[in-house]
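See the structures that follow.
One chain, chain A, appears in both complexes that follow, with chain B as partner in the first and chain C in the second.
Moving on, here comes the complex of A and B:
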């Protein structure tokens, strides 16, 4: 039982990291990035290829994160320019169309270049016992990275000037501009960061179980569910929702079966929409 | 300190304010008075860069800031307090104040000066801005603007939605700032309050400057007395 919960919390932190980028990009600019998961897979691929070419784990992970961060900045500076020029519903709609197109392009390229099955990052070592639970080194490292990244992210948004600037643009863009904050720069920064966080999740997932080149859409759907449950634009909401959904995921797959998990997650999202339409910590409209 | 020349601006291609020229000398307090819809807010939004200008020039401390976007104008030293305040509702009072100094961290001395001017803000440091009363929010909006150590403080109807007592308190605080040597530009409908503080004023009607003069001249002008001071 403890094992299932621990697993759920670790998975939940990964869900949170996956959702937080999506929710921030939406909160800042009204863009729902449907290429979020595909960008994450690009990160994992870069890591796997770098390691295959002989790079150390650390160097490979850095290359993967930087590659996806750069991809995010590139998208923000090119395709998303057209989106930012629109307002309201047409902005959301165009963002959905464009990012879905980007997802197709990325997925297509990945399937074409890397048709072989799963990509795994193998971390050696014997299982270690924690709280009476035997855990593999890969899982432990993945958990440590997720916890660390989550803590750094929370500290960044709470304590740093740049993090506060990001929150200020979400809460009142005009107020932020009057304080000397450039919303366009904040949006670019977060688009890049969001891609890096998603990539980090794909990389840590591939440390425990192989992921396929077509996993992008699954990551995107997971991120959307986390965002819906946590509330659009809420950092704390994304982590809270992530942990709840992570526990739902592992408990239902342990006691019922893996086939049920996606249904359970969608049910949780549906329940949230019925009971709290703006999400757990979202602003009430 | 602030010079505006032949400025025109508006929405969707229609100018709301036309050929506005005014200036604010260093350490002076200047008011723009006018009724609702006269164009005061449009004028201020254009000056601070939130609204594109169709014509004209804005100079701040000898530097042309006409073409700059709002965040650059703010960093150049023009702090604008809009009548809607535009605070960050889910952030605490301290966080709101700190962002005023962006991209730097707030200078402790300036912070102390602001908290001395508005002791209420010191009492409510960790309260979310959105949960405060209108008067407190107005103090916070002014405080956030002051933290940036602006060259000019521009206020759009600082007394909007405030009870008469609080409106008078707000102007008392502004008088202290003026005495400390801050340059002020204030749009106001409550003309008696505005003229009690300002050295010089402009009367805006239908988007054009109809009249200008020292506060004393405006107070004694028959048209201003009839239309804005309710004295026949």
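Moving on, here comes the complex of A and C:
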């Protein structure tokens, strides 16, 4: 039981990171990026390719993060321009459809280019005992990286000027603009950051289980569920929801079965929308 | 946007009120012409079983697109569960007919009612909680994905990954080569006529009003909630019925038959291409993309990427659909100097 529980927390931290990227982009620009998971897979592929070309793990990971960050910036600078010109419902709708298109383009190209590509980073070392449970080094490192990334994010938003600028735009775009903050620049920054977070999740996932080229849609759906349950636009909510759903996921797939678990996660998102649309820690009433 | 309101459907309305045969013809000629054109397909391709299968699937997608057009195009509810609603109709009709031994027609009717009820419930939830587009999309997406998981999980009923062979209907006309095409085409024509009737009825006025400006419609006394639920129920009934007919004519349904990626995305592309909120746009989109699909068969792996590209281009460049652009250009060509602009969007065909 403890083993399943700990596994759930490891998974949950990754869910949380996945959701944070999505929720930030939504909170800032009202864009629900349905290509989020596909971008994560691009990161994993870049890492796999760089490692196959002889790069060290750290170098490969850096290349993967930068590549997806750049992809995020590219999206922000091209397609999303048209989206930012719209307001309200039509902005959300156009962003939904455009990023769905982007997801299909990325997935299609990946499946075409790497039909059976799977990435698994194997990390050696003996299992370590925690709370009487033997944990693999890979999953420990993955959770360490997830916690570290989360901590850095929190520090970034609380302490740095850029982070404060991001929060101010989420709270009140016009007010932020009056204080001399350029919302467009903040949005670009966050789009790139969100891409890097997505890539980071795909890379840490690959330490415990291989990632295939078709995993993009699953990542996106998970991120969507986490974001909705946590509250659209709430960073802390995404982490909280991620950990709760991660534990629910592992416990229920261990004791009940995988497909029921997926339906339970989906139902969690559906019920959240119906009962508490602002999510666990959302701002909107 | 606003200049469309007073003219919208006014010619059609007048014709409907007069009820004489000439104006009825005037009113329904687009549907009649489309039906006649599509009815000719088996003359050319009737001997090939494979081509007829593709043609039936093409008309099936046209019915999906018409139904989605009623839900999304008319009342702005982004139902990302087109495949799931059609799948509910298909699987329940197949199970009712094969397992429970109900007569074919009865099980198809029950399946249609089930889909309709499901769609109405979701519509009701959306309206009751006054969800915006994004939450409507996510909520219905969870229905889509839950349905897909349920199909995979309930192996005893649905055959899981291997799919379900549907026996009922194989001995009727639905089991032969050409008649299923005409059955499906008949269904499409009925749906188009219903769409036309809806446009001209008080429902159509309400739909247009609430789509153009929800608050204004509400203030003008339109019961926005009720009309949204009507649209959800009617569109979902169409989806369920089309799915059921497909299950019995095809004789096999599997998890990928109604998957989000293979149904919803294509329907969105077709509708966006043809023109959201138009009568024949969904049909045009379905025909074009069925043909395009056949050309792309040899690039099957790149097809997905191409669909993504088409979505992006369509929504960036042709937000009102290709039909609209074509008509705009035609009007521009026809217009002579000194003459007032013709009423471009008058009949909204």
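Basically, the second predicted complex is superposed on the first by the 283 of 285 C-alpha atoms of A that agree within 3 Å, B and C clash if a C-alpha of one lies under 4 Å from a C-alpha of the other, contacts with A are read in each partner's own complex, and residues count from 1 in each chain.
Keep this in mind: a contact is a pair of C-beta atoms (placed from the backbone, for glycine too) under 8 Å apart; a residue touches a chain by one contact, two chains touch by 3 or more.
This one's a predicted model, so the numbers in the text were calculated from it and none came from an experiment.
Once the shared chain is lined up, is A:224 touching chain B (first), chain C (second), both, or neither of them?
The second partner, chain C, only.
Of the two partners chain B and chain C, indicate the one touching more residues belonging to chain A.
C
For A:270, decide between first (touching chain B), second (touching chain C), both and neither.
Second partner only, chain C.
First (chain B), second (chain C), both or neither: which does A:172 touch?
So A:172 only meets chain B here.
Quick check on the superposed pair: does A:56 touch chain B, chain C, both, or neither? Answer first, second, both or neither.
A:56 sits against neither chain B nor chain C.
Return first, second, both or neither, reflecting whether A:2 touches chain B, chain C, both chains, or no partner chain.
neither
Enumerate the residues of chain A that count as touching chain B in its complex and touching chain C in the other.
none
Residues of chain C touching chain A in their complex?
Touch residues, chain C against chain A: 78, 125, 129, 131-135, 137-139, 141-143, 145-146, 149-150, 152-153, 261, 265, 268, 272, 301-312, 315-316.
For chain B, which residues count as touching chain A in their complex?
Touch residues, chain B against chain A: 48-50, 69-72, 74-75, 79-82, 84-91, 95, 98-100, 102-105, 144-145, 148.
Which residues of chain A touch chain C in the complex?
Residues of chain A touching chain C: 32, 79, 82, 89, 92-94, 96-98, 100-109, 111-112, 115, 217, 221, 224-225, 228, 232, 257, 259-260, 262-263, 266-267, 269-270, 273-274, 277.
Which positions of chain A touch chain B when the two form their complex?
Those residues of chain A that touch chain B are 161, 164-165, 167-168, 171-172, 174-183, 283.
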